[in-house]
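Read from first to last, the chains carry the letters A, B, C and D; within each, the first residue is number 1.
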Amino acid sequence: MIHLMIFLPLLGSLLLLATPKRWRDEVAGFVAALTLGLGLLIWRGGGAEVFRVDWIPALGVTYSVALDGVSLTLALVTAFMSFIAVLYAARRISNPGTMLSLVLAMETGLLGIFAARDLLLFYVFFETALLPALLMLAIYGKPNRMRALVKFAAYTLFGSLLMLLSIIGVKAYGGSPTFALADLIQNPVKGAAQTWLYLGFLAAMAVKLPLWPLHAWLPDFHEQNHDSGVPDVMGTLYKVGGYGLFQFGLPLFPDASEQLRPILMGLAAFTALYAAWIAFRQTDWKRLIAYAGLSHMGFVALGVFSLNETATIGAMYLLAFQNVYTGALFLAVGMLQERVGSVHTRVGGVMTQAGALGGMTLALWFASIAVPGLAGFVGEFSVLLGAYQVQPWLAFIAGLSTIAAAAYALTAFQTTFWQGRPLGAVRVADLRHTEWLVLGLPLAVAVFFGVYSAPALNLIQPAVRGVLAGLGGQ
Amino acid sequence: MAPTAYYIALSGLLFAIGMIGVLTRRTAIMVFLSVELMLNAANLALVAFARAWGDLTAQTAVFIVMTLAAAEVAIGLAIIVSIFRKRETTNVDDLAGLKG
Amino acid sequence: MLQVPDVHLAPMLPILIVLAGALASTVLGFHLPRRALTIINLVMLVLSGVSMAYLWNSGAAAFGGSLQADNAAILLGITILIGSAMTLLVSLDTAYRARVSFPEFDAMLMYAVTGTLLIAFSGDLITMLIGLEIMSLSGYVLATLQDSRPAEESGLKYFLLGAAGSAILIYGIAFVYGATGSLNYAGIAAKTAGLTPENVGILVGGALLLLAGFAFKVALVPFHQWTPDVYSGAPTSVSLFLSTVVKVAAFAGMLRVFGGALQNAPGWASVLQILIAATLIIGNAASLFQTNFKRMLAYSAVAHTGFLALTLLGTPALGGAAMTYYLLIYTLMTAASFAIVAALQRSEKGMEIGDLRGLYYRHPGYAVALAVCLASLAGLPPFAGFFGKYLAFQAAFQNGYVWLSVLAALASVAALVYYLRPAMLMFMPDRTPAREYQHGERPATTFTVALGVVGVTVLGILPNLWYGWVANPGIWGALAGR
Amino acid sequence: MPLYLLPLFPLIGFALLILFPRLFPGRAAGWLGSATVLASFVVAGARYLGQTDTPAHEVLWTWLPNMALNANLSAGFYLDQLSALMALIITGVGFLIHVYSVSYMGHDPKFTRFFAFMNFFVAMMLILVLADSYPLMFVGWEGVGTASYLLIGFWFSGRNSEASDKDLRGASDREGVANSNAARKAFIMNRIGDLGFMLGMFLLFKLYGTLSIPELAARVPGAQVATAGIELACLFLLVGAIGKSGQLPLTTWLPDAMAGPTPVSALIHAATMVTAGVYLITRSHFLYDLAPVASTWVAWVGGLTALYGALSALNQHDIKKILAYSTVSQLGYMFMAVGLHAYSAGVFHLLTHAFFKALLFLSAGAVIHALHEEQDVRAMGGMRKFMPFTHIAALMGVLAISGIPIWSGFFSKDAILAAAYTSSPLLYVVGLGVALLTAFYMGRWYFLVWRGEYRGHVPHPHEADGLIKVPLGILAALATLGGFLNVPAFLGGGHAFDAYLGRAIPVHLHEIPAATEWLLTLLAVAAGVGGLLWALAEHRRRSLADGPLGQISSNALYLDRVYDGLIGAPSRAIAEGLDVVDRGVDGTLAGIARTSAAPGGLFSLWQSGFVRAYAVSMLLGTALILGYWAIKTIGGGA
């Protein structure tokens, strides 16, 4: 079933090419929903244990997949948000076949990233997911997309190629027979080599988190993507650096992560504050949300790097659910753009005419800036709490970004949705049809997991404990 | 009997002359002849080494190399002629349309 | 004492079949249309492949080991045959437009293939040299065959520089012989161990001259400069051939000489790593600046030489396997890319990169195929190019060349940029009129492209299909006669 | 009845009203909103009546990872005397204000949404006071902040945003900007406080390993923890309290918050939310009892804020702004009390203040309503003729806040001053001075609005309707009589309130001779009466419109401008700078990429097209390789 879940979207994506135009929306929606359903079934069944067969025996590459704990959480969120993205793309984009197909293809890549328990398989999925993202940008992007595209791809590849070397090194120096995570952990690399290899691995994850100063691709990527925000949702899901660090980085490089902890936490805290502060100046909604997301990723990194149990749990929680509300915010911006023809933050007065759109956006913003009772809070609070136990000052610096977050979020919201509508501006329609679902479902998820975190916590907590226990106690 | 080193030195000299010829000559034919000189330097070295080892394989190899040189001449001249027909020159410096 | 020559026809069979095709083309060219010849030759290639399959694991040899039909030879030979077949298929559709639709084209091509196979099957330096020269001489002719100024220019450049390169190579052979007294790979390898110091000096000199000669053939910096000019000046189908089959053969020769005969000889590896570093930097950096797609592919071939040569730095077991795997993948993706250029170009100059804009909306199939090839060339999974690169990195990394693999990784980033630009341009909507050749039935080209794309994809998802064959370390140990 | 019903009722009301506004035409939404709060009040009353000495602790579900001792933190509610009292105030006063709003907001197009937000606020406030752990309290804490944000910005695009008249629309747009800015400012300044609260929690967790309040309370006395740690944690919590309660230095948002509808000002920015800081410190008494320095800080923050508020209120002209600064000042009193460990006095003042300040705001609202949204006191006067009932109610409020005997403010303020006298004479002087100022500015407010001749523009202002009168009446009664809940011993009372609260919070009974107590009381009364007389005298001289201190007071001691200059402008500039830098980092990287690719251009030059040049590179390459070999061989040989 796990294999079906991973590859079903890809099959659907290929199937779409052969589907008559008028049925494409339905097929894509059905496939996405089915994937989500499969995910839920796996979840009900208590997750999927490691399944392992040899893939390239001569190289020691295995096809090892599992969905449990953190990865299952992230996979479910991915399936959910892909479904939402499909739902919105079908409504918003005329003749959406290609877009739907790419969304589904990317979903497979992402699910693969989360399921992989073999380092090389992880790498393969990690890069595979890049292609649909690039194509979405190329086909549907805005005029300056080539620059954004090259930047996005070059940054990603820069990191991942260094990671590839590090992957090779981990196996070579550790002497493991295969790239399967379990084997690699059995044959750890010792000494200074571990630090160097960790740095290589980190390069990829820092690009994908992203972490300052390797973040420059992110704002451009979002700014140049299609107005509907559908590719941005997938792009948000693709920020898997935090997961990679947790699932692979910590178990494989325990000494190095201990050794580099203060530096990395400092970098993460700085990223959080830096991004939030810059976000304040943005006048393009997409850039703004991109920076907001970057700030969240600073928190995620802070949590993972701290090696503190509470913080790491919080980081994974945040990583999972920021996808939901950040993604939904991108879609809300898409709706805004459809109505006023701009993603500028100085539109003014939209909420006077589109109350529900404004209200939902505001609620999602509140989730994003970690207002308690919404999902963002559980993660962010745990991260800060845990990080404070390790490095109080760094937690304080990261904490400052919560103030900046209120400033950037509410300022942009105010100048777009509140205040007066300019005289003679077009009348703004409120939410229609599926748009209610597109924003409502993520919001419901954000509220539910802000109030009742147990389902996610039950998945994340044991996984985090397992990984951190492997480090020899914190 | 002269030591092998002498032959090798001579062959090295020939090879160097051939190289310099390739670098300085502008006519395709002269460049090509310089290359032939380099080939013959190699032949000389092969023969000298064969004599030193008291072994015949390299001597036979020289024959093969000579044949190859002949084949090269045939092809090379054909190319040069076909170019000369079109451009009325064999100056290699006139052929610089492909670059960058 | 007179010895009966050690002549066995069986190990020569693959070569002889191809040679027969060449001869048939030469002779029948007066009577049959070229199309028929091409089909005959394709059949010959297939037969040759079948005979290779028959020879698998036989370990047969002829002429006292001068001709080796060992497994390494067969694996490389199959790669060569695939590239050759793709060239022939493409030429079916495009030779006429390229004004090279003569029987001579087929004949020279098949002679060249004979030469390349001879290199792959070589057991000593002389056999290798003969193969190399047959291949090169035919190559010179092929490059010049089209009656046009660029083709002639490229032919002459290729010829003059090639001849000089051959001379250097032969001089190297002389020195290696001088140091070891043997021309046979196994003999050389056996004797490298116990040499006197002055002989070691001669050996290193010979090895370095050989390296320089081969560096020319595979286009390592600074011996690469003929490559872009020749590839972009020659007809596209010839460029396809030169950049795939000829390069595979040259690498096969390198593998046999450096991975086998000179495996334990000192000196050459440290020089080679400098050459590779220069190739990676210059090949990739220069590609970034190209505006012509065909010329960019030429530079990309130089850049790939750098990655391919990395495998020579690995241990023979890892490096040989890696190289053989990479060569096949390289052949498939490069051939498919050139095939698409050949099909869509308006003139033999190829296409400007800007002309590719919006290709997806005019020729979706070709555009997607080209995108797959470019992604594979860039080394993105799930396409096979990734595993090629990975194996190359791994080979160098595990043998201690860490800095070089880091450099290669960084160079790949630059490579991504120049592959990405055309690939993404194809998907950007465009309203200007099409700038590519619109007409024509191209079933053979399409088949070639499909072969390349399917190969690249399938081998990317299931690398074991090919790697499983090449991975056996015994194959590569045998290179040194062990 | 389970405790979760308390916040649940208003939450259901909120959910219904926000999700299905169409189901509630007319005033139905108002009645639904009021009913849910009434239901909560009933629950609170029932729980109050059934209360024992052991606090009730009802756990609902697990919520946050690892934040309790050896377990995940649960969401749970905790009811002791303090929270029971708070719940009663919130639901009781809240209900009255809801009813009032049914009439007051009756003509607003967003009537339904208003009640949704009000219900949301009540729910969050109840969570705040009932929480059994700091994080859950923080939920309510930020929740009320959110509600406050939504309600301050309720008229976010002005009240005439759909008007077609250009001037009207322009004015409306300006109002919208001002309202929105006020809302945002409130939220951001609260966030600063919230960060302090969070840091406080983090430090407590570090010190004691739990954030559950009952667990903490049990642990703190016995734990071996450095005093500095506790002090720091208490200071962090103080920052949180300061933010929420509008104390110095985070005070400037509270006067601006008057941009919201008047019932909002009454409920949130006078009676309940802003007192959360006082509640937080009282709730954390077990920490503050161990942290003398931090407690002193609390008291002085309170004292200075009381003074600041009073000085700023002297020359305001907006009917609500005067009350707002008065609120700031009165909150300062409460802080002073809890800082001096006189928790009971502080909470008692909280209670009476809730009554009389809500009353004053609601009366002001009635006046504003009658005068068609006029808020400038200089355009009022003589309102007692038009609105006799409201006048009486307002007068009760003024007397109460001025500390005139038998009215509630007298008792509560007296207790605080007595506590200050025993601990810190200096603070006592400040407190007494503020009492005088309070009486003056409230007197000024009273005379300007209610007495003298009518200066308004509306021809015939009307008395409020019944829905407004009833809450006013009830609140007036409470403001008048509420003080008798806690009659001190020297006046023959039994400290009933202290005794009740003392079951949950330690009450430090101060030992003052009865004679001194009498003296203190007389001084306080004299201050109150003196202030009112001063105002009367000024009224007679008709110079009341321009209060003392002139511009300095009107501009609230220029605190706003100082902040903007010192913090607002620089941080905007930094953001600007960082943005430039960020794009620059990008540019630099691109530049590096370009520079490193520039050799690519050189390589193109190298590729000159001349075959002899190629031969040069080739043969030179060969020569170099051989040269390398030669050097190496010679070097190796030598």
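The criterion applied here is as follows: a contact is a pair of C-beta atoms (placed from the backbone, for glycine too) under 8 Å apart; a residue touches a chain by one contact, two chains touch by 3 or more.
The chain list, named the UniProt way, goes like this: A = Proton-translocating NADH-quinone oxidoreductase subunit M; B = NADH-quinone oxidoreductase subunit K; C = NADH-quinone oxidoreductase subunit N; D = Proton-translocating NADH-quinone oxidoreductase subunit L.
The shown structure was predicted, so the numbers you read here are calculated from the model rather than taken from an experiment.
Student: Based on mean C-alpha positions, I'd like to know which chain lies farthest from chain C.
Tutor: Most distant chain from chain C: D.
Student: If I average the C-alpha coordinates per chain and also across every protein chain shown, which chain's average lies closest to the global one?
Tutor: Centre-most chain by C-alpha means: A.
Student: How many angstrom lie between the centres of chain A and chain D, each centre taken as the mean Cα position?
Tutor: 35
Student: When the C-alpha atoms of chain C and chain D are each averaged to a single point, how far apart are the two points in Å?
Tutor: Here the centre of chain D sits 76 Å away from the centre of chain C.
Student: Determine the centre-to-centre distance between chain B and chain C, using the mean Cα coordinates as centres, and give it in whole Å.
Tutor: Going by mean C-alpha positions, chain B sits 25 Å from chain C.
Student: State, to the nearest whole Å, the distance from the C-alpha centre of chain B to the C-alpha centre of chain D.
Tutor: 94
Student: Which positions in chain A touch two or more other chains at once?
Tutor: Within chain A, residues 154 contact more than one other chain.
Student: For chain D, what residues touch not just one other chain but two or more?
Tutor: 604, 607, 609, 611, 615, 619, 622
Student: Which chain C residues sit where two or more other chains touch them?
Tutor: Where chain C meets two or more other chains at a single residue, that happens at 156-157, 160, 164, 168, 228-229, 289.
Student: Among all the chains shown, which pairs meet the touch rule set out at the top?
Tutor: Touching chain pairs, listed by label, come out as A-C, A-D, B-C, B-D, C-D.
Student: Using the touch rule from the top, collect the residues of chain C that touch chain B in their complex.
Tutor: Touch list, chain C to chain B: 126, 129-130, 133, 137, 140-141, 144, 149-150, 152-157, 159-160, 163-164, 166-168, 170-171, 173-175, 177-178, 181-183, 228-229, 232-233, 289-290, 295.
Student: Given the complex with chain C, which residues does chain A contribute to the contact?
Tutor: 55-59, 120, 123-125, 127-128, 130-131, 134-135, 137-139, 141, 145-146, 149-150, 153-154, 157-158, 161-162, 164-165, 168-169, 172
Student: Considering only the defined contacts, which chain D positions touch chain B in the complex?
Tutor: Within the complex, chain D contacts chain B at residues 604, 607-612, 615-616, 619, 622-623.
Student: Please name which positions on chain A make contact with chain D in the complex.
Tutor: 151, 154, 213, 216, 219-220, 274, 277-278, 280-282, 309-310, 313-314, 317, 349, 351-352, 355, 359, 366, 371-373, 377-378, 381-382, 384-385, 388-389, 392, 395-396, 399-400, 402-403, 405-407, 410-411, 414, 417-421, 423, 451-454, 457, 460-461
Student: For the complex, which residues does chain B have touching chain C?
Tutor: 4, 8, 11, 15, 18, 22, 28, 31-32, 35, 38-39, 41-43, 45-46, 48-50, 52-53, 55, 57-58, 61, 64-65, 68, 71-72, 75-76, 78-80, 82-83, 86-87, 92, 95-100
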